[in-house]
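Got some structures for you, see below.
One chain, chain A, links the two complexes that follow: it is found with chain B in the first and with chain C in the second.
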Partner chain A sequence: MTGWTGLRSPATRTALALGALGVLAATAPFFLLTSSYDLDVAHQALYMAGLCASWAFLAGIAGQVSFAHVALGGIAGYASAIWMRDLPDAAGGLPVALLVGVLATTLVGAALGALLLRLQTVYLSLFTLAFAEIVTLVIVSESELTGGRATLQVTALGGDALDHYYILLVALAFILACIYWIIRSPLGLCLKSMREDAESAAAMSVNIVRLKVAVFVISSFFVGVIAALYFHTGNRISPDQLDLSIMALVVAAAVIGGMDSPLAAALSAVLSIFLLELLRELTLQDAAWWLAVAVLVLVFLFAAWQVVRRARGTDREGLKIVGINVGGGLLLVLGLGALGRGATAIDAIACGLVLGGVWLLVQARRRGGGRSSLGRLSGWAAAAAVAFAAAGALFVQGALTIEVGVWRYAIFGLILALTVRFASNGLLQPALERLSGRHAEFSRQFEAQRDTRDDAEATR
Partner chain B sequence: MNLEIRDLRMRFGGNQVLKGVSLVVGSAEICGLIGPNGAGKTTLTNVLAGAYRPTGGAILLDGARIDAQPAYVIAGQGIARTFQIPRPFGRLTVRENLLVPAVAGPGTARGAALEERIRDTLRMLKLEHLASEYARSLSGGQKKLLELGRLLMLDADLMILDEPFAGVHPALQETMIEFIRTLHEQQRSFLIISHEMPVIFALATRMIVLADGQVIADGEPAVVREQPEVIEAYLGVAEDA
Partner chain C sequence: MSPLALWLLLAGPAWSVVGAVGLPRLYRRRGQDPQRAGLAGGVVGACSGPAGLAVLALNRSHTVKVVWLWAAGVLLLWELLWLFARAYPENSCVTDSAYVLNQVQNGIGLGLIYAVMAVGLALIFSVMRIVNFAHGQLFMLGGVVAYYVTPGMADLNPLVALPVVAVACLIVGLVVERLFLSPLQSGKLDRPMEYALLVTFGVGILISYSLVGFLGTSRGLRTPRYTDHPLFGLDQATYEVGPLLIRTDIWIAGAVGLLLVGLLTVVLRWTWTGRALRAVSMDREAAATVGIHPRRVHAAAFGIGAALAGVGGALLIPIINFAIPQVAFEAAVRAYIIIVLGGLGSVPGALLGAMTLGVTEALGAGCFPDPGRAATYQLGFGLVLFTVVLLVRPQGFFGGRR
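Presenting the complex of A and B:
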């Protein structure tokens, strides 16, 4: 009995899960990754996992959504490769070259952080997007130094592919350990406060300036470590490896895995890379189409299951809203449930409000009765409602506006599908082309109908 | 603690919001700051807290100028503020919200002493049962209480409260007033913006009236209440007058 009780502790379960993951990763080459091709894919997966973990740290924990990660990784690869090419006899050899790569990325990250001090949200993201493109352009145009569009020869790390696998695995474990150590420190708490509201954090004495530079330096350092090692597991580097589609895959994998969890983001990246490789081997067009549909259906079923699971596990006591009139009207809220952390704020309300009326919203409890929650849901900000609500549907003038709870997962599914489409040209491409073809057909029909209607009105 | 504001001016484009505000806030004062909408109360708050840099004048804390300092430095020096619309860290728990100013600010309490302080603050604000809840799941009034708790954790000497009583249930108002009075007894000062006239006149030891970016009255609440310019600009004329 004691053993079972021990297993219930979150710390024990986490330790066991991490231990199992570690054992699986360490032993995978003996039963899963048996060919050099498998190991090559595994190298890529570990590189992507490092990028994803570091990106989740930067964007998910600190709230700085940057698109410069892959470009920063490229800087590490090019810097160490150029160092080895131009200074082959320099002291320290390859280890020093790797350090040069890491240092170059970290310094560029620091400069980027300093440049971005006054930028927030979408402006910051756009700047990093431009930065990534500039890095690629510089590499392409400075061909004497970088080799331009052609590949640049890289001195490979010693040992074989299996050794490289373990080197990258240790690097990833190091990065994740550092990230979680930071997250659990006061610095991590301040980073999260900056993510939530930079102005409010500054009012609480959080040094936003130092923090912003620090988080770019730290995440760039992680990128430098994994990228410098990864590019030296092969023998070449080219601008193709800095493509923005790879950055899109990093973002999508982190979003699907969970941006607040660098470990989940890293796992998601590993699974995405292996999934892409598996899908690449399938070529049957019709089978691909139906498989794509099946994946989307599964995503929806998963979403529905999540909603039911959350609703079941919810405390439903003492939540009453009274005094809302039920009558025909413009706004109809059906069975909406909004969940707080372990508590239902709104539980299955059905109501209608007539336009032009003045409504008094009272509740049985003094506070926490759900008035504000209902206000947020029945406001017209659809995106906010989707983010907040757990289940239910919102109708406006009889038309379904939001079916909350489902879209959140559907959007993730869509991101996954689009990511696969853009990253591999593999399985989902024919299906999506077919989808877009149908969309075009619908658009043509709609245009034709509208033209007909306009003509009729003009005649009248 | 002595905060001196000298001829403070703030302009947004062609809109001169503060037109030379001068006042002094000393230790253990509860200053009510009232005025009609658009008088510049919230702008004054933002300038004092370092969110805006003034276009003229000076702010001195214990004789040293602070008007060019960023917000986090001013907060660290003991001037902290709440927001008109509460802005707690939504995806942090109530406890973590209180922890942020404690670890980022000048306070040195760590470990068990810090946990004890958090527990005391939660008890004072009657939020113990919500310690592990995400701040975003709190009601509007509870968020305002949490913001007060963050100021206490920051150990601020001057607490600037922007509309703390607006839209808050009377029972929560009582908790807030009790909180303010307790801290006032500990020699802390408050600058409270409010439109809740009965509450602010009962609570404040001094009343400042701002209208059209200028201080039009400054003194004891009972005296300020009777000043003709205050009545004209803000309080209005009684029907039987």
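Presenting the complex of A and C:
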């Protein structure tokens, strides 16, 4: 066993993981995406994945948060659609029209970059948000050219939906490959240095303005490629597809996946689109019941987490308490389940109070009954009791139906905010790093660096 | 077409390109500072051709150049207006000065309403050094709260909803600040601006689609109008004052907006909280040294900012119908344009910026040759203004570079 490090080598693992992903994506139409509806959703997912990857490249790697991606994509779609409509006999036909779309997007991106990137980053975010809003307005008002609020007919690409799926997949793979090629080139290092500290990078003779414009143009080019292809998989395009709410989806998916890694962002986009599609029709009957259970479980998870956090490394008693706490909580959940719909609001309130009380006592005992910790814990206990009682009251009120489909974007927004707040690397990116073994490599490097620094400080 | 118009249309852009490309090169070759020489060359070339460019190329005095640039800017504006008048001689803006005056006063009124929301955003920026990307959604939330509260108060003017809206949005703002923006004070974030941008953006989506969940998407949410339950007997839609035609609803809301901005100024100047807010916005560390708790000041700034956004929405919903959730983005775009105009984080700048934006929008929409498109392009004129400001004076009216 010399030379070959087997599955421990990051390169091998990365190659294997990417290969598996590629095979999955290539074979998905045969067992996952069987209906034409599924394929439509898949087209949208691949489009969003392209946008997310290019957005993550711009915002995560280069640190320029733009809100214009969807609008830029729309410009590509409209430009090529109008070209095909008004010049149907021009040489080249559809391929030239697609090129025109990509070119239009790249040019607009270059103009935006030249206007904005001399300024602080925040101006880019502000201006691109305004720009995206205005693009939709212009398309709606210039109805002779663009068809206005109604849809504009588009010449579809040749082939059927399955072919379109593969075309988009290849485009996405091309975009990701380009992005990773750039990230690993010297240009990528410049980008990262610019994101971390623009002034120091400038002092190291990185031309910040030119670099920013270049990265904006490259990112717009990727948007143009995927968007021009995507809008030609269907046969119509409308201003609704350029709405800022779709941009919000792109940002949310990319950040939830992990905006420092375009691959994670793209995967997250695919997963998000399919998940949102699944949630669209979901309606929870007896939602209050689920709400009550969810509140209970969340409260207990939180309690357990708190106890573990406090008990870690201090004594063994804490862990015992965790066991009692979680076990008691599960029993309560099961009991409530057994009660089923026969429970009353009083039961719910009683449960909530018992829950809060048990937790309070456990915590107080663990902490030796200090007043400040008692005060803080009683606050949490009271909140838990109130929340649980409220859920119980709803429960007793009867069948409360929640249409999850209507709330799915709100949930998505909440997940975005929570991800930024508590998991700044995103949810998928750490998993990907772990999978590829890069995580261990990074942490080794990090520790080595830290040791060197500590040594240096010690000697000083 | 007259020879002058022809010259302006053909030679102007050509000389503009010559100036924009040539002047920075010339300066660079001479070792002078080429910064903004391209802009100066473009403007001067467009309005005065080779003569103006020669002055910039030959003269080395900075003052002369600045004066010349401003004069050229004014001249260019004048020439553009003149061209507009030549092209559309029948336009009401060309023939009817009372109409223009009316558009201006309408715009000022609207600007005063926008100012309430924008001032909140400026306050948040000045204290916390972040841009709140949930501001438009808080604005919409204020409008929706007013929509629910107003009919409950039968026979009363919609203005009575304002305190309720303010308290509701204040609470939402405090909760958001506590839950999501508290890491800003830890100093451990690599890029606090980006963190705040993304986290508030997420909160914005949450608020936006929660409202959609409650209300469904709505093309037009409307409440009783200001004139339905008249205030001080003002029950007509418009009043004629000399040549002006005053719109009652806009000016009632505008007056309240001005009052609120004035109130905020008083609070900032003379109360302890206000002084703490200003102190933190000037120097965070020094403020902390003299015993100002940054957490409370942050909470106060974000809470007040959110409340102002909400009140802005509540002031506007009796005038325009709210389209849920699009209205949030439109409001946010206006607020961003305004604070960039005024200088990020400047409260008086935001007031002035709001009026500038209001007047620009009103004049733009009023004078646009095709009235069918004018209304949809209203926001577009703001974007033009935004672009011009970024080109000419990116720090805004009152912003120093910080």
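Note that in this section the second predicted complex is superposed on the first by the 280 of 460 C-alpha atoms of A that agree within 3 Å, B and C clash if a C-alpha of one lies under 4 Å from a C-alpha of the other, contacts with A are read in each partner's own complex, and residues count from 1 in each chain.
The rule is simple: a contact is a pair of C-beta atoms (placed from the backbone, for glycine too) under 8 Å apart; a residue touches a chain by one contact, two chains touch by 3 or more.
The structure displayed is predicted, hence computed values, not measured ones.
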item	value
First, second, both or neither for A:S141, with chain B first and chain C second	second
Larger contact residue set on chain A - chain B or chain C	C
Which of chain B and chain C A:L115 touches, first, second, both or neither	second
Which superposed partner A:F57 touches (first chain B, second chain C, both, neither)	neither
Partner chain(s) touched by A:F127 [first = chain B, second = chain C, both, neither]	second
Partner chain in contact with A:S245 - chain B first, chain C second, else both or neither	second
A:L189 touches, of chain B and chain C: first, second, both or neither?	first
Touched partner set for A:V255, first chain B, second chain C, both or neither	second
Touching both chain B and chain C, residues of chain A	195-196
Residues of chain A touching chain C in the complex	59, 63, 65, 115-116, 118-119, 121-123, 125-127, 129-131, 133-134, 137-138, 140-142, 195-196, 243-245, 248, 251-252, 255, 406-410, 412-421, 424
Residue numbers on chain A that touch chain B, as the complex places them	186, 189-190, 192-193, 195-197, 199-209, 260, 340-343, 345, 366-368, 372
Residues of chain C that touch chain A when the two form their complex	131, 133, 179-180, 183, 190-191, 193-195, 197-199, 201-210, 212-213, 216, 325-326, 329-330, 332-333, 336-337, 340, 344, 373, 376-377, 379-380, 382-383, 386-387, 390-391, 394
Residues on chain B engaged by chain A in the complex (per definition of touch)	49-51, 70-72, 75-76, 80-81, 83, 87-92, 96, 99-101, 103-106, 132-134, 137, 139-142, 150, 154, 169, 171-172
